[in-house]
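In structure tokens below, several structures.
Across the two complexes that follow, chain A remains constant while its partner is chain B and subsequently chain C.
Then we have the complex of A and B:
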């Protein structure tokens, strides 16, 4: 059973004879494993669990409550970005401009709040709307003008990274509403059976900041909610079905009466919105709005990687939002685990590359088997 | 000598982990760790992404690092995380870039504003009057902005009739080259051109060479890439300022180690690693040798 609609794709590779016959031994563990693996996200779930077990066994600090909190920002932002990107990838297209909108949205948010005095939440909303409009422009050029999506969104990537530098004058600024307030409270300690009351500094962030990315669990909650909602949209709504239909066979979908252009534009708008939202979350979390495009370009690659690792095809016609979350989780576990292990930066990239290849190989192998079972 | 101590693990959080500027810094950290029987980790962001740096800092805290050294390239992002690390009992020092108001225990690096001011004084002495360009890769970066502000201040304080143009060049050498070339093409009457970061300095020297400007336009900058060393020795620019990146790796390990073995009694010291003006003549030893101190060789050896 595939967890999303549109499990069938035109790109099904040939199944090797004999593969399915080998897996018929009845055992509870085996059956459970096969059951998990029969999910589209199954293989990456298994790979992620194995990776987490590896780090738990090798690094005492990995499987701890503290590290759980540390791990969250390693994957939650990417899960949200990848969730939007998946909707474009299922169409068989790509959106590179998410890097630029990730950069541009917080700068716009800052300008609207600090220069235009719009207030925090209205500034967020207006910044999101502007980025949604950029998404619509992407969609228009891809769907209506029919320029290749890689080229179109590469153009908007450059244009809006440039615009970010222009608007910000290339200067980082403090994120509005993200500043930490410090208050002093008296805390009573018991030292050698004497009660001592000492003033201690306690830090607070505003409600705005704790909702929009600054709170420890804020990004996680957003990520889970967004992923669940978008997975439901993808699996159970006409919008989702049409998206898969367009990705599988654009011409056929059009002839069957699907308004191809409208759906494509809508998906680009969705993708732009998730990118803008993550940009604002991350700016609030770090309490700084950075205009450097280099950092944003890296984010873009990781988000696309999370989608692909999670089981969404770059060629379109098939994909999963939950998988994107797991893909992001895999990349996050990998990076956090490697850093905890003490791996140096140059090796980190190397190991990340190796791990992605291994994960994708397992993915492809398991997917072939799954199709062999008629899943 | 210090009594038996555990193998301390110190984590360096950096903003451009794969940038060749920091190769000697990594050698410095490695050498100090070997000397003292500790280990170090080099991590952070490849692309000045402060969120990734904060993540790496948090991982270091979670992973029970014995000390952390971090380049504080942003004025706001690291204040809360650094404070949290110190509260968790992990000493944090800053290296290469510092942020006023951050709770870090010490700073090891160039006094950036002072370096800029001294550069400004040199500019005043060399140029006297007219138009001067100051090139900066990324305005606002906490490791560059104080330099350009210092230079502007020194020029302004001198009262000389010098007009300063600050020009942003971008973070990659190819873009910097074209930005500087474009500036010169549009401002042929410029009396002096100076850069406040390593990439722009290298690019500036290349532009000086391309247009044959040595002697006609005054020029100088910061840091010592191999290209900058060579062009300086040819006299394309008048000076560059070395900030000794090797020490920015060596000394944080030393300070954190001392702080640990002394039970917090000693070890920490604000350290200015550099205001070493290098000229056509004094750059010669750098050109002749390949060393870990400049990141040009992996081999440890005595240079004579």
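Then we have the complex of A and C:
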């Protein structure tokens, strides 16, 4: 990247006297790079772009529209999960229970719709509310009882993964409203000026399914909207300001009159809601509700990783939702790229681990440089 | 307990001699300045006590504050100064006693409640949020919001923060940087500015000159002098340096063993007298420790 910036040095336009301060900067390219790097998300943006360029150069099928669709499920759900997790991480706490709620929400959704006959949308809403209540319980034990958040949410992680197995009897079921209807349509093709009509199969899903995760771009749209809204909440509202304040100086925030406990509980509720939402999306997308705690745990850790890679400190006081989205994108690009390169499935997790360490090292290095520049 | 202190003893005057007499006594339980009050007191504190488990932080504290007055609070480490400040600011609740604000009973439920009633505090080292900008710190819990969406009005807050800092003569080069990047003195100045910026009529300053160079400390004392001149706010400040106390305060109170043991206008006292009291306290404490050790030895021998 340095060579790219350096290359345009010669093109520096002559500067007016009033701009002498700017003239010290070598080039527009470098200025732009520094502007990007001065963002908290800057380093991971650069790392993600470099990773994407690497895979594009090595795999012809990487930079294609079809592959973009393949990539989506590798990152959109993690972006949503990480967006909620960031709100807890900025507090200097952690929420491990998102793995359990990711698992529990679709099972509850299934039970409410199939067994209780509540209807699709009301079932989603009730499932989300129940998970929000679990978030409030997490928040209560962390903020009021003052049990370490790792321990509290580890307990709820186990408890609700267990409850998921109990309620579902460990058996996968078809997700309500996600069934795919296949119809045969006659499509006319023109081949060598001859019209040929052939029967083709077309898949349909319900409006409910296409909104709640089943549609190709459904999760992407949800992810983008949720990330934008939560980033605005974090940067431009009292809620966000107090979240940072608590993570930076909990005692000081309390003494200034910030209702520390209420904000902490609220952030746990938010985190639980995003986890439940993603759980339902993924169940609708896959059309089955899988009671699989091991898979849920991996998703939990990838979501936390996305937040950390995106530039949110585990120690609290600082973080970004947009960064979490880009962190999730990095993990998605990595997984997709490795699969396209034909990496053996057994090596996938191993390479992911190595890549996270490399990405974080670059991240830390760039951030140090950034501080050194006094940006 | 005195239920109606408003009608009790008239304007305080004999405080000095009373305290002097107490000082002569050996029994620390008797070394308590009794509640005194006058009609123009903005704040009265009577028989306040506070325990933390087995530790008695405050035994029997009586204090009063006139409008526009600057009261210096002295006391050894652990004497209970900070506990008293925390009770006044609503952060902790007293176990016993009563407080009166403008003659009406005052029992803050929270820091917010105390602030709503006009009592603001600057805490030792805790006041600021490192990761937030100068102006966000100045406006914490008093944020200006946009309409119709309640988003933070950052531009307005920046502008008002700049004006407020200029008005009270605090020089901070950039107000949009995180306060973590400022010097100790600048941080303290911002913490003080935050309280002044509010609509407080009683300001509590917990060691406002800690971690400050002479030049920056002088800035804060100037600020206090300017506030005193305006006469709108009353100030209680915890200080360690007696010269600062005599320079900045109208009156000085000293906490010993969880009670106010000394209370005098600064005009009637001196650095020598204040030093004397503390030296005597140390001497007495040493003798007590010595006696206890002797008693323990005797017990062992017997």
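Following the convention adopted for this analysis, the second predicted complex is superposed on the first by the 348 of 375 C-alpha atoms of A that agree within 3 Å, B and C clash if a C-alpha of one lies under 4 Å from a C-alpha of the other, contacts with A are read in each partner's own complex, and residues count from 1 in each chain.
The rule is simple: a residue touches a chain if its C-beta (ideal position, glycine included) is under 8 Å from a C-beta of that chain, and two chains touch if they have at least 3 such contacts.
Here the structure is a predicted model, which is why all the values come from computation and not from measurement.
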- Item | Fit-or-clash call for chain B and chain C when the two complexes are aligned on chain A | fit
- Query: Between chain B and chain C, which makes contact with more of the residues in chain A?
  - Reply: B
- Task: Scan A:210 for contacts with chain B and chain C and give back first, second, both or neither.
- Result: neither
- Query: Is A:174 contacted by the first partner chain B, the second partner chain C, both or neither?
  - Reply: first
- Message: If we overlay the two complexes on their shared chain A, which of chain B and chain C does A:318 touch? Say first, second, both or neither.
- Response: second
- Message: Just to be sure I read the superposition right, which of the two partners does A:255 touch: chain B = first, chain C = second, or both, or neither?
- Response: second
- Message: Looking at A:352 after the superposition, I want to know if it touches chain B, chain C, both of them or none. Which is it: first, second, both, neither?
- Response: neither
- Go through the superposed model and pick first if A:245 touches only chain B, second if only chain C, both, or neither. second
- Query: Is A:56 in contact with chain B, with chain C, with both, or with neither (first, second, both, neither)?
  - Reply: neither
- Item | Distance of closest approach, chain C and chain B, by C-alpha atoms in Å | 38
- Query: In the superposed view, which residues of chain A touch chain B and also chain C?
  - Reply: none
- Query: Taking the complex as given, what residues does chain C use to touch chain A?
  - Reply: 89, 91, 110-112, 115, 121, 123, 126-132, 136, 140-141, 143, 145, 150-152, 154
- Query: In the complex formed with chain C, which residues of chain A make contact?
  - Reply: 232, 236-238, 241, 244-245, 247-249, 251-259, 317-318
- Task: Would you pull the chain A residues touching chain B in the complex into a rising list?
- Result: 59, 61, 64, 66-67, 69-70, 73-74, 77, 169-172, 174-175, 178-180, 203, 282, 285-288, 290-292, 294-299, 335-336, 339-340, 342-346, 348-349
- Report the residues of chain B in contact with chain A in the complex, numbered from low to high. 9, 14, 17-18, 26, 39, 41-52, 54-56, 58-64, 74-77, 79-80, 83, 138-141, 168, 171
